[in-house]
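First chain written, first letter: the chains are A, B, C, D and E, and each begins at residue 1.
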Amino acid sequence: MTETTTAPESEAPGALTTLLQQQFSDTLLDFHNHRGDETVRIKRGAIVPVCQFLRDDPRCKFELMVDLTAVDYFEQGRDPRFEVVYHFKSLAHGHRLRVKAPVPEDDCRVDSIHELWKAVNWYERECWDMFGIEFTGHPNLTRLLMYEQFEGHPLRKDYPMDRQQPIMELREIDERNQYGRA
Amino acid sequence: MNLLLEILSIPLVQTILKIVFMIMLFAMPLGTLMTLMERKWSAMVQDRVGPNRANVGSFRGHGLAHIAADGLKSIFKEDTMPEGSDRFLYLIAPFFGLIAGVSVFAIVPIAAPIGSFTFQITDIEPGLLFIFAITSLSVYGAVLAGASSNSKFALLGGTRASAQMISYEVFMGLALMGIFMVYGSTRVSEIVDGQNAYWFGSLIPKWGILTQPLGFLLFTTALVAETKRAPFDAPEGESEIVAGYFLEYSGMRWSAFMLAEYVAIVGVAALVTTLFFGGYHVPWLHLWESAPEWLVRVLQFAKFTAFVVFFCWFQIQLRWTVPKFRFDQTMALGWKKLLPLSLANTVATAAVILIFV
Amino acid sequence: MELKVKQVQRVDGFKESLYLPAIFTGFRLTVRHFFRNLFGAKDVVTVQYPEEQRPVSVRWRGRHRLTRREDGFLKCVACYMCETVCPAKCIHIDAGDHPDLSVEKYPVRFDIDELRCVFCGLCVEACPKEAIRMDTGVISMAYASRSTFDFTRDLLKDEYQPNEVTKFLDEDLPKPKSQAEALPNSVGLPAA
Amino acid sequence: MSMETALAEPQLAGLPIEADEDTSIMAIEVGPEHPAMHGIVRFTTYVDGEMIVDMIPEIGYLHRGFEKESENSKWIQVIPYTDRLNYVSPLLNNIGYSMAVEKLFGAEVPRRAEYTRVIMGEISRITDHLTCVGAAAMEVGAFTFFLWFIKAREYLWELIEQVSGARMTTNWTRFGGNATDLPDGFLDDLQERLDKVKDILDECDKLLSKNKIFIDRVKDVGTISKEDALSFGFSGPMLRACGVPFDVRRSDPHSVYDELDFEIPVGTVGDCFDRYLVRMEEMRQSISIIEQAADKMPYGPIMTDQRWVDYPDKKEVYGNIEGLIEHFKMVMEGHQPPEGEAYAVVEGGNGEVGFYVVSDGSGDPVRVRLRPPCFNYVQAMKHMTVGHYIADIVPIFGSINMIGGELDR
Amino acid sequence: MTITNDYLPILILILVGIGLAGMFTIIGLVVGPKLRTREKAAPFESGFLGKGMEGYRYDVKFFMTALVFLVFDVEIVFLYPWTVQIRELGWFGFVASMVFISVLVIGLAYDWKKGALEWE
């Protein structure tokens, strides 16, 4: 089936990977350079220092947090089940980097990096909304795309496509009307 | 026959006939037509066709049937009243706009008088000052509608309308001072007759637009702002506060607001024509001395109507050409630019008159 | 190619602050459009829809159509490819034995729920027999009842009128009387 | 954020004032049923008089589960879904998704296909900008401007229709190429229509760009600094208006953009006026790109000849049994990209449109993720609006070009 | 020329205006359907069941505008007699009015400087 393609493994590490290997040798799990996308997998506990380093170090200088999402490897039976995926882009150097942090199902949490980039706030909320991955330290980890009363996390693979949600009451605007009032 | 003439010579009967003619046969039909023309003309500006689907049998009349269709539609629409609204104020708010819109026509002459019979409903001494009094009445319509609707958007619109309208009233008065000075009167008939004079023999008519060009600009601007039309339609602000002060209105009461707006357009056009474009006076007509009197009246009325229609068109064209001001910009334009300008205009006109006359 | 950067010009000087020049420029444009359209609708682009129809391109993906073979029979061999590839899952096929033995199968039922259809055209690409096409040029389907949208094999009919309830039945399909008559019609086999 | 949370921890919600009986702050719901919200989004706006003191955006009104739906589809079946993401520039989404899957395959796209993709993509970019600028202008009152732009957009959509067979739901790209080649006489028609669009652009430029009323409405409104814009993850015209010449077409060269000559318009201040000007200029640049690409258009195939990347040629399907079986297998099992992950990015109408795809080697995607550019913009709405008037929501929201389908997916 | 002859028409016109609006209202009330629902009766709140304008307070700017208006409008009324009689009053009237107008301008300048005209 894969006549035209080669296996992604056993590729030489890119410059950023090497740098991260030096800096965070004990937290780097593995890396690959598949199709030119530099990717590193790190321990989830180290996500904040790694991201801090990526943002501030002059050799990395990732000004843009492009994307934050997660992947559920439930059907592939992988352990840990989830992987939080960060994409970064540096305008100064023009390079991109993908950082992945595996998250197990039973302890579904990872440190929030909302203080490093302002954009992270909503991405982490969305990720929590969709996958139920908790971002510890996030200021307002509430549902973003789904409504507050939604049950379950729809992008988990074990959330059935045709599941019916309970019907909600017609919503009035009480709570928000009371801004600045006790 | 004699009896009929006798009845017709009673002033009250004459007045009523004039009112019927001015309002029922001139202002209202023109205003109603404007509701359609706004759509048709804007369509032409925007490379569209505009409404043309309503039909009576096979008669479409390029959309004329839409006027009737609109009326019928709003008659059969529910007249809603929002919860918690002040019922009485909500009810009477649409009245003010129509009263103000209709009353403007009281002082507008449409042809030269024949003997003691004037083609003008009433020729009062304060003339234009009366107009200012009446237009300030229409503020109530917007304010009451906004305040009584129990809706935040309506209230915002109402407050905006009140601030904008009273502000523009100030220099609407100031802008006209030049006209008062030049023609030496506030009486409308005298201003119109004053514009029948000519410079350089009978070469250039002494129209208000030529004696008071800046006054014309300022007055037109102020009047457009008074009618709350683009570019001064922040009180309506359909993209930010939805429909402003008449947001909660529906059915016929909404139509009353709309009709008032379009009658006001006609009123503005009539005022501008009267004050700055010689009113009913057809320029250079006095050179044709043998003209029959009736033909002169017909020509005068035709000229007046043509100018009124032109300025209606102008207002509609203006709306579809320019974006609209933000509310605070409307206010800043009024107080910081137009007010000093109209003051300067007044002073300069006075000085010029005193030096050259 | 190197990175070329162009700074946009923010024009906001004295001339603009007078308001009137720009308004007059605008007036010139809008009035020109107004008069061009007042006398002869020269710039009007509106299509008066029911009377006048916009010409659609030949590639327009409109309502589906089932094609026929030369003998008038359905080309479709009920291979289920379109049903599989359809992202909206709006095609339902039941296969049956074809009277022409060389063809093996034909669709006894071929239903398309046009209300579900997203008009992506993947079924046309998947079809190995050119049996389904979307080249009817029908740009809008608006019928009074929901059931009208459940298109069955009537699509085959050359002049399909969805408001008529007549269905295209199996009896309407041409039937070869014998095997000997059937075989020559098939492609790839020598005539008997 | 619910109000209880906000009141309990005001510093987290960024409350500007303390909870107090005597404030004159009023909540106004702007959206979802609001004329200025031309995507569905809710802004609970807190105003003091007419001044906005706080704003809570709430999104998700158009959430259709694109990602969940994609994961339950085959790879090829996702392409029609991508039309519905940014529905005013569907071709760019098609291209982005196809590029991501091609990256998984490691497939090469023929040069003619790349050039047609550039032409069609740039047409889509123009339609996107036309919609955005036109709608934003309409909401500050310039209705004529909007309808002239819509007229121009119609000319371009008819072009798209000629090529792809639909105006908006294009479903045009495939893995390794495009579904259809340009029809005969297309390039002449293209040039004719581009000239018309250029005329309309010039006309509209005259109508609005120097009109002080418009300038007043957009100048110094919704300003965002370069640093904040980067931190908020801005991209596309929004970031360029802040003066950062970041354009995916140049920074991550894809397709044949490195053979084409164009300028990247940048602004200085980063307000609505700059965004308007940048978009207007970008449309002109796009027209120039299209003209260059049409000149350089090579002849050749429009689909890759690598096997298993796309269906075999129709000739083979009709002609021989191997082709038919291969076709059957690919339809029934779906395209099967090798195991791996890829992130492909295109410069969409309003910024970096990224597709992150994960494959386990089977016919069903493990993950299809769209990185929506306007997600970040809506997130920054509070940052951009606080301190402005209610009326300023309109130009600011218009300038961020929120597309509901893309934002909520 | 009596008060009656001059101003009666205006009264009639006002009555005509009231009559028109009243006709509109009555037609709407009589002919239009009445199907009140909770959603329909609620004031517009962008799609939510709103609570109306409870808690709204006018911006103080509106009162400022009203004050400024009051001053200017009343003072401008004093100018009208001068404008009509400008030729009769001559330069003396001009100078007198200039004094008056300069008071106005000073007032305007004061308001401007104090920020009463800023809508901040």
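The definition used in the following text is that a contact is a pair of C-beta atoms (placed from the backbone, for glycine too) under 8 Å apart; a residue touches a chain by one contact, two chains touch by 3 or more.
If you're wondering where the values come from, they're calculated on a predicted model, not measured in any experiment.
Asker: Using the contact definition given at the top, which chains are in touch with both chain B and chain C?
Answerer: Output, common partners of chain B and chain C: D.
Asker: Please tell me whether A-D or B-E has the greater number of C-beta pairs in contact.
Answerer: Between the chain pairs A-D and B-E, B-E carries more contacts.
Asker: Determine the chain that sits nearest the middle of the structure, using the mean of its CA atoms as its centre.
Answerer: Taking the mean of C-alpha atoms per chain, the most central one is D.
Asker: What is the chain whose Cα centroid lies farthest from the Cα centroid of chain B?
Answerer: A
Asker: Please work out the Cα centroid separation of chain D and chain E, and write it as a whole number of Å.
Answerer: 47
Asker: So, what's the distance in Å between the C-alpha centres of chain D and chain C?
Answerer: From the centre of chain C to the centre of chain D is 26 Å.
Asker: Which integer distance in Å separates the CA centroid of chain B from that of chain D?
Answerer: One centre to the other, that is 46 Å.
Asker: Determine the centre-to-centre distance between chain A and chain E, using the mean Cα coordinates as centres, and give it in whole Å.
Answerer: From the centre of chain A to the centre of chain E is 58 Å.
Asker: Which chain C residues sit where two or more other chains touch them?
Answerer: Residues 23, 26, 29-30, 45 of chain C each touch two or more of the other chains.
Asker: Where in chain A do residues touch two or more of the other chains?
Answerer: In chain A, residues 173, 177, 181 touch at least two other chains, as defined above.
Asker: Indicate the residues of chain B shared as contacts by at least two other chains.
Answerer: In chain B, 45-48, 152-153, 242, 320-322, 327-328 touch at least two other chains.
Asker: Provide the residue numbers of chain B that touch chain D in the complex, in ascending order.
Answerer: 42, 45-48, 152-153, 156, 230-231, 233-234, 237-242, 320-329
Asker: Under the touch definition given earlier, write down the residues of chain E that touch chain B in their complex.
Answerer: 5-10, 12-14, 16-18, 20-22, 24-25, 27-29, 31-36, 40-45, 50, 52-53, 56, 58-59, 61-62, 65-66, 68-69, 72-73, 76-77, 79-80, 83-84, 86-87, 90-91, 94, 97-98, 101, 104-105, 108, 111-112, 117-119
Asker: Could you list, by residue number, the parts of chain D that touch chain A in their complex?
Answerer: That would be residues 1-5, 7, 9, 12-13, 15, 17-21, 23, 25-27, 29, 44, 46, 54, 56, 59-60, 63, 65, 67-68, 71-72, 103-107, 228, 230-233, 235, 244, 246, 251-252, 306-309, 336, 338-343, 352, 354, 356, 358, 360-361, 366-367, 369, 371, 375-376, 379-380, 383, 408-409 of chain D.
Asker: Can you name the residues of chain C that touch chain D in the complex?
Answerer: Its residues touching chain D are 1, 3-12, 15-19, 21-23, 25-26, 29-30, 45, 56-61, 79, 81, 84-85, 87, 118-122, 125-126, 128, 130, 134.
Asker: Once bound in the complex, which stretches of chain B touch chain C?
Answerer: My answer: residues 41, 43-49, 217, 317-318, 320-322.
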